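Each of the next two complexes has subunit A plus one more chain, namely subunit B in the first and subunit C in the second.
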Partner chain A sequence: MRLSRRALLGSAIAAPTLARAQGGDPYVLGTLFPLSGPNAEYGKVFTEGVQLAMQHAEAERMLRRPLRLQAEDTQALPQQAVVGMTKLVNVDRANYVMVGFTAVSKAVAPIGDRSKTVMVNGGAVGPDLAGLSPYFWNTIPLAHLETREMLPFMMRRNLKRVALVYVDDPLGDAILGIFRNDLPRAGGELVGSFSIPRTAQQFGPVAARIRQTRPDTVYIASFGAQQGQIIKGLRDNGVSVPLTSYSAMNLESIRNLAEAEGLLFTSQQTDFASGDELTRRYATDFKARFGSDPGTYNTNYYNATRLFCLLAGKLERENKEVNGDTLRAALLEQKEFDLVGGRATFDEQGSMTAAIQINEVRGGRVNVVTG
Partner chain B sequence: MLFLQLLLGGLQTGALYALTACGFALIFGATKVFHFAHGASFTLAGYLFLLLWNNGHPAWLGVLAAIAVATGFGVAMERFVYRPIQRHEGGFFTVFVAAFGVSLVVQNLVGMWAGRGFVVADSSLSRATEVLPEVFLAPVFWVSLAVAAVLFLALGIFLTRHPAGVALRALSQNSDLIRAYGLSSHRLSLLAFALGSALAAPAAVLTAITTGMNEAVGHHVMLISMAATIVGGVGSLKGAALAGLSLGVAESVVLNFADPQWAEAASFVVLFGFILFRPSGLFGHAVAR
Partner chain C sequence: MTAYLANLATLAAIFGILAATLNVAVGYAGIFSVAHAVFFGLGAYAGAQLALLVVPDALLAMVVAALVAGGLSLCLALPALRVRGEYFVAASLGLQMMATTLFTEAKGLTGGMGGLVGIPRPMILGVEVPTLALALTALVLILLATWLMARGSFGRTLRAIRDAESAAEALGKNINAAKALAVAFACAGAGVAGALFALHMSFVNVESFTLDQSVLIMAMVIVGGTGTLWGPLLGAVLLLSLPAGLSFLPFIPPTEIGAVQQILYGAAMTLLMIFRPAGLLGDMRTGRKA
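On to the complex of A and B.
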């Protein structure tokens, strides 16, 4: 009896060691996405990209250790995100955490910074997300890069008098700042700026105020279900000028909205049809697994996950530990990676640069206008 | 003209708030159950209407189905959630947590079933045209006011003329007396839940046509209903309806004087004012302690 107890105890102690020796401990990839609430559509889109990248990484045997996805629901709210990040860091011991939304990213960055956990954003575009922490990286071009393309385009289309509807959060404030500074320089005029709470659902009164400013275009800086409500609210209430926005509009619910016809928005450039082999395989497998063509956000989080696999694979080959510091050192050493959409370059702050294109919603499809 | 435009827009929104608030107030007043899942009735009704509408079914069928699902959900909540809790002498907080839990489950089920995004019924009813210089009105404005007026009139007649309506009012005032007269408070509670939940359905249908839905819309509805019940005076249907209308108007008209970010805050400034200076609400009665 005593012997068997000893044997049992011994095997219990030895089991984790053996598992480690066999590469049994998985790398934990944490996600802090909205999985419920009015922004849950993004969570689904973001997660699809991560899932496909994990599938490809396992098929290619990119890593010696398996990958485990640990999802935490943020509802796109900073408070929930902080709780989720604390759990990912302290309980799940996440090696790498993917985040979205500007307010969420800014809320969790200090936690990741203290624990030296790499955080990667592929969905938020607040300009101050660059340089938030040495461990905070972006696989999406930030808002200032999007407006840098959109403002000259608006001037060329003679959309010079701009009314801005912006959500009352760090993203909206950042875009207001950009418009105040850069729009006059581009030759335009900010004729009105209308801050709205994140929970606002009625936009008829806002449309009445906007009509009074006689704009050439209305730029919308919001996200989630609210974007659709704004577009419908403006169109239903007599605002007929072209609507303009940024990459958050790249959602199925917006494409399917009749009132979104003619909407112009920026996004990063990705050519799924004539790209490299990685991009083509990604587009094909995405459609096979999820039944639709991939969008920008799917791609950004696929790239974020693939980036981890490339960096961790490199560290494994060099027999180095995979942690925040070694991942960061590997990123800065290499800087250029083959990702979906082509060769991606990261700057010293860990932000990816990419060309921007302008899209237009027509007949339920997104067509590239320039880029 | 801006003020007139905002006032008209506020009346349209307020009519819908009044319907949902009145439904909540009817349930709370008669049964004293804090039916937090009232927002879930709204969500289910709106999504079922959208499902039928987007699949080409006639609007009347969608409206009837919406009323049926809202009523069925309300009755099921009373029968299978609140009554067992009350049977075990569960307190107010237990009821609240159960209702909150159910509303979260409904929200997630709707999200899984209908997708987690913005959905809207594409209808010409919501498209406004310029009726006066700088004043735009959509046909749905008249529909909203007419629906609210007809339903309030019908509810008023039912509660004052029909024996079941009179019994329902009696239940809200003295449930022991109801039992002394040999009436079933359980049956009357079911009726309160059925009527109150059914009132949310037309508002949900009109919201699906105007501002659209997402699976989390129920929380906003609940917030407005709760505020209107307090402002109107707990137990007063007339008060809840008037308060709902006022909150909608306040939310809109405030844009004449302030930035849009203050729109929702305006509702809660009104609520806060009532809590401070008239806690019994518009038509409530102060109770001596």
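On to the complex of A and C.
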């Protein structure tokens, strides 16, 4: 949480100034992130991505009208999200709302659908988020797509006997389905699957059962503060095989966890060192502003914000109004966009597909293992 | 702005029902349940499934929800008949934790963690009606029933049980029947609130029916004043409108709103318990130690 409060405070104070620098009423970018409670770390990470994208958009003069960030705290809970979304739509007249977390996304989707407000998810990866509404888009490859990409890598690393620890929700169910159906076809074996409640914090018994299955790797399908507890619980209870997971692991708290050393996880492809100019500038400016390397979620919400700027800029050039319908039409017309990490493609439901890479946590840093 | 205020008022009315009904158990009968969200959830799932599978009729949904939640209130009444005080709190805590797990696992009925999506808007005789009107009507009826109950012999029996259960029993009061009725009324009311919540939100999942929610409802009752008619309603309005109101204060950076809310929440609760230990509308004599 270093720097967070000060950085967020500074940018929030600066936002109105930036808004006055350009003409006209600002476009209101709403966010429905957890800014307090056990998932507040995600809200901070998500918001950083949005703030940097707004900074770049202002600097590049991508839009004729300024941008204004309007944040609402959801605590990652559906009820608070509905209150926040109603305010964003009816009071703040938000042009574009960014959301995270599955329950929050599902709770606000009907409101956005009725008001024809575009909602973009860059954090939740449950496969049931595809097609929630024509105005609900995803700038994150949904989890089942990531997991499929992990299978060939596991086989190459000889991690063929897989034990799965999963939260009993749509995300966990989808990943369980992939391991049951696709893993044998890839040449591996699911030697055990262990469902855990979302609120579980003790993993000693699960670790003991995992050890009995003698796996080559343990795949973790969870999210939030529980991820670190699972990793620590497994290591403390003698599970020493490599741990594998998906992009939810790309958090500072996980990177700094000693027990996470050697953790392998998928994320969308982002080559910060030798990628395209947009990606390199993003990585450099992110580090300059926030003092750390960007993670997957920073990137997803940067991309979500940039996507709005690209679409609204296109509509401005065509002298069209910027609203939910025109934004959707512009998205479906173009479908491919240059975003951080490379070219991203959106399908008819507004879900993004992108190349996936495998990462490894070493010495508190995330290193790309393979693209 | 009107739609936003209407949404807040709808939630305040729904939570007003929850707080008012919990107050019957806590404030009048002295049954300190931390499982009210369980019956809220039962009503929500019952109302949602009825709307999804049969017909989105709001009145029918509320009746079914009340029957399901009131019927299953035996789960709470049974321990209430055997233990009291802190032992009952522990028993209701167990029920809350068990129910949360059941809501997560019974995917066929509840949708599990993924919840139930696409719940239709409330209708009466085929005409869509605003949830606010329904919630306010239900709230008024429940407050009226509570007022009538509190004035009658049943209310006096409940207060006697709360203040001195053994003495009430010695005077010939049917303790078990009175407790079971009080719990059934409270739980049926929570079921009605649940049905309204599901129809209003169009989406429900287990995250709305956890221990945190039960504690929030309990806080509404305590902040407003236990054993009073209007106190729980005031508590519900206050605890729901405080975060909403704070988000309008221009000097709080929007990204800091979460942390500021939590600090103010904590400070307000602490100050309240110092200066108004019996709640905002509670009897000051009952809150302090002699």
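Quick notes on this structure:
Assume the second predicted complex is superposed on the first by the 347 of 371 C-alpha atoms of A that agree within 3 Å, B and C clash if a C-alpha of one lies under 4 Å from a C-alpha of the other, contacts with A are read in each partner's own complex, and residues count from 1 in each chain.
Methods note: a contact is a pair of C-beta atoms (placed from the backbone, for glycine too) under 8 Å apart; a residue touches a chain by one contact, two chains touch by 3 or more.
Here the structure is a predicted model, which means the values were calculated and not measured.
With the two structures aligned on subunit A, subunit B clashes with subunit C. Looking at the shared chain after the overlay, A:342 reaches neither subunit B nor subunit C. In the superposition on chain A, contact is made by A:253 with subunit B only, not with subunit C. Of the two partner chains, neither subunit B nor subunit C is touched by A:192. In the superposition on chain A, A:225 makes contact with subunit B only, while subunit C stays out of contact range. Shared-chain residue A:40: touches subunit B and subunit C both.
By the touch criterion defined above, A:152 lies against neither subunit B nor subunit C after alignment on the C-alpha atoms of chain A. Judged by the touch definition given at the top, the superposed model places A:131 against neither subunit B nor subunit C. Look at A:211: by the touch rule set out above, it reaches subunit B but stays clear of subunit C.
Once the two complexes are laid over each other on the shared chain, residue contacts for A:86 go to subunit C alone; subunit B is not touched.
Superposing on chain A, the segment of subunit B with clashing C-alpha atoms against subunit C, chosen from 98-106, 134-142 or 242-250, turns out to be 98-106.
When both complexes are aligned on chain A by C-alpha atoms, subunit A residues 36-37, 40, 43, 168, 197, 199 touch subunit B in the first and subunit C in the second.
By the touch criterion given at the top, residues 5, 8-9, 11-13, 34-37, 40, 43, 47, 69-73, 75, 77-80, 82-84, 86-87, 89-91, 102-103, 106-107, 109-110, 126, 128, 132, 167-170, 197-199 of subunit A touch subunit C in their complex. The touching residues of subunit C, counted against subunit A in their complex, run 1-4, 7-8, 11, 100-101, 104-105, 112-115, 117-118, 201-205, 207-208, 243-244, 247, 253-259, 261-262. Residues 36-38, 40-41, 43-44, 168, 194-197, 199-209, 211-212, 224-229, 232-233, 235-238, 251-254, 257-258 of subunit A are the ones that touch subunit B when the two sit in their complex.
Residues 2, 5-6, 9-10, 12-13, 104, 107-108, 111, 115-120, 122, 126-130, 134, 136, 138, 210-212, 214-217, 220, 251-252, 255, 259-261, 263-265 of subunit B are the ones that touch subunit A when the two sit in their complex.
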